[in-house]
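Pasting in a structure now, in structure tokens, and then I'll have a few things to ask.
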Amino acid sequence: MKSETKLIARYAETDQMGIIHHSVYPIWFEAARTDFIKLFGLSYSELEQKGIMLPLSGLACHYHKPGHYEDEITVVTTIEKLTAATLTLRYRVYNQCEELLCDGTTTHGWTDLTLKPVNLRHRMPELFAAMRRAAQEEADGNA
Amino acid sequence: MKSETKLIARYAETDQMGIIHHSVYPIWFEAARTDFIKLFGLSYSELEQKGIMLPLSGLACHYHKPGHYEDEITVVTTIEKLTAATLTLRYRVYNQCEELLCDGTTTHGWTDLTLKPVNLRHRMPELFAAMRRAAQEEADGNA
Amino acid sequence: MKSETKLIARYAETDQMGIIHHSVYPIWFEAARTDFIKLFGLSYSELEQKGIMLPLSGLACHYHKPGHYEDEITVVTTIEKLTAATLTLRYRVYNQCEELLCDGTTTHGWTDLTLKPVNLRHRMPELFAAMRRAAQEEADGNA
Amino acid sequence: MKSETKLIARYAETDQMGIIHHSVYPIWFEAARTDFIKLFGLSYSELEQKGIMLPLSGLACHYHKPGHYEDEITVVTTIEKLTAATLTLRYRVYNQCEELLCDGTTTHGWTDLTLKPVNLRHRMPELFAAMRRAAQEEADGNA
């Protein structure tokens, strides 16, 4: 189970090296995360309305090739690890030539609206089960 | 009455033209606004805690010279117009050579936390009176 | 002649008021400008490769309603004014309910890669003529 | 050898969780990197003028506590690892209460202006030697 997010690299996202600034990739990861969560039948906005947030505890990026203005970007998102307390997603960012520009992960805690940890298995058992299946499927696919 | 805000232009704020991207100046205006409000003895955070917000209704920027990475920026902020419902501030952005890079204005409505308009004269009469004096002083200085 | 640009509002584009930060609209205008220029048969990247740049001399935004995370945004771009030295574009930003969130203009100078002014009529007569027609058409449509 | 960079957290850097957006920390790291390099007697702009760039190959962030608007931020930067081909820096981001909000690393390749790798030991032997001493000092301090 994976989502594919399409983006066009913006001029404002370039820097004076003439390439996409490295701080932009975490923002593209986030746009991709929005799409990934929709695979489970609800939007991240709806998740927040149910009192659940996903603040980051960790971020890692590996930069392989520079991105450029007007690149037609695809971000492929998969689940890396799920527990009742945390979620780790993996992102792969490609340009229109299917070159891998950047890959990375984000690790999140499941929290309530005051940023206190919650147990997703108890709080939203169906979402937890569906994500569990996706994580398992991904692990099997990579085996 | 005016505030002076010092900033260093960031690499992430440049674009592939090799200059500071134009969308950065409104963010510098906002950092300057934070300092301007402190002249009146409270921070913008405290203003929000008192239930007052200042969302923008208008923005204008005039770009005179390009800014560059590592420029030592000064933003001079003055009050342009105050009513019980709205506030207009003026910003002048200089580099270390005292060249004017950009000037502009932001117009704001005084609102509550749900973004509904409030009358500042009634809601915070002391702040309103102090800002009124600052606006008058500025108008006199320009006369 | 107008372009329509589709965007999804990003989480990173929100602020602690819970709305899209006002500095984001100029970035959306720019993404829309990229699409508008493509109407004339070349990309902005190609324009830069031909030695032409379009730095901003002015920006104006009017904010009508707050935008929100995950809003499905449409930016409609039209030409407001064209001379051999300058270009003014107009942008209208709508959400998925066709509510106007923001409208604004950007004014640009036609320059070479060193940011020196160029005369577009002489430098790229076909592009100038095509944009002239678009501007005329827009003026007629509004008459 | 370490640099300390002071910043005020900007409103534009918050998100609708009411905290500093995670993509902002890499930008603060970069502002801190600018100051760190100045410890060695030249600015990053001067480095680029000498034909040397430092594009990122890797980024890691660990988020410990949320940052907030108007926080008075200090970023402490130290050298983690230096080779003739790469540089790794470590950043620790504190608020005004000396709470650690985020720490992380960036890994860079030394390149020329076309983003091709260069050997810093050969290209700028004095800078390489000075950084080597700083890295050694840091390693000794941690021993």
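Order of writing sets the chain letters: A, B, C and D. Residues in each chain are counted from 1.
Criterion: contacts are C-beta pairs under 8 Å (C-beta built on N, C-alpha and C of every residue); 3 or more make two chains touch, one makes a residue touch a chain.
Remember, predicted model here, so these are calculated numbers, not experimental data.
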(request) Report which interface contains more C-beta contacts, comparing B-D against B-C. (result) B-C
(request) If you line up contacts by residue number, which pair in A-B, B-C or A-C shares over half of them with A-D? Let me know. (result) B-C
(message) Could you work out how far the Cα centre of subunit B sits from that of subunit D, in whole Å?
(response) 30
(message) Need the CA-centroid distance for the pair subunit C / subunit D, whole Å please.
(response) 35
(request) Averaging only over C-alpha atoms, locate the centres of subunit B and subunit C and give their separation in whole Å. (result) 25
(message) Show the residues in subunit A shared as contacts by 2 or more other chains, in ascending order.
(response) 11-12, 17, 19, 23, 27, 30, 69
(message) Taking the touch rule as given, give the residues of subunit D at its contact with subunit C in the complex, in rising order.
(response) 11-12, 14-19, 21, 23, 69
(message) If we count contacts the way the header does, which residues on subunit C are in touch with subunit B in the complex?
(response) 17, 19, 22-24, 26-27, 30, 53, 55-63, 66, 104, 115
(request) Could you please specify the touching residues of subunit A with respect to subunit C in the complex? (result) 8, 10-12, 27, 30-31, 34, 43-45, 68-70
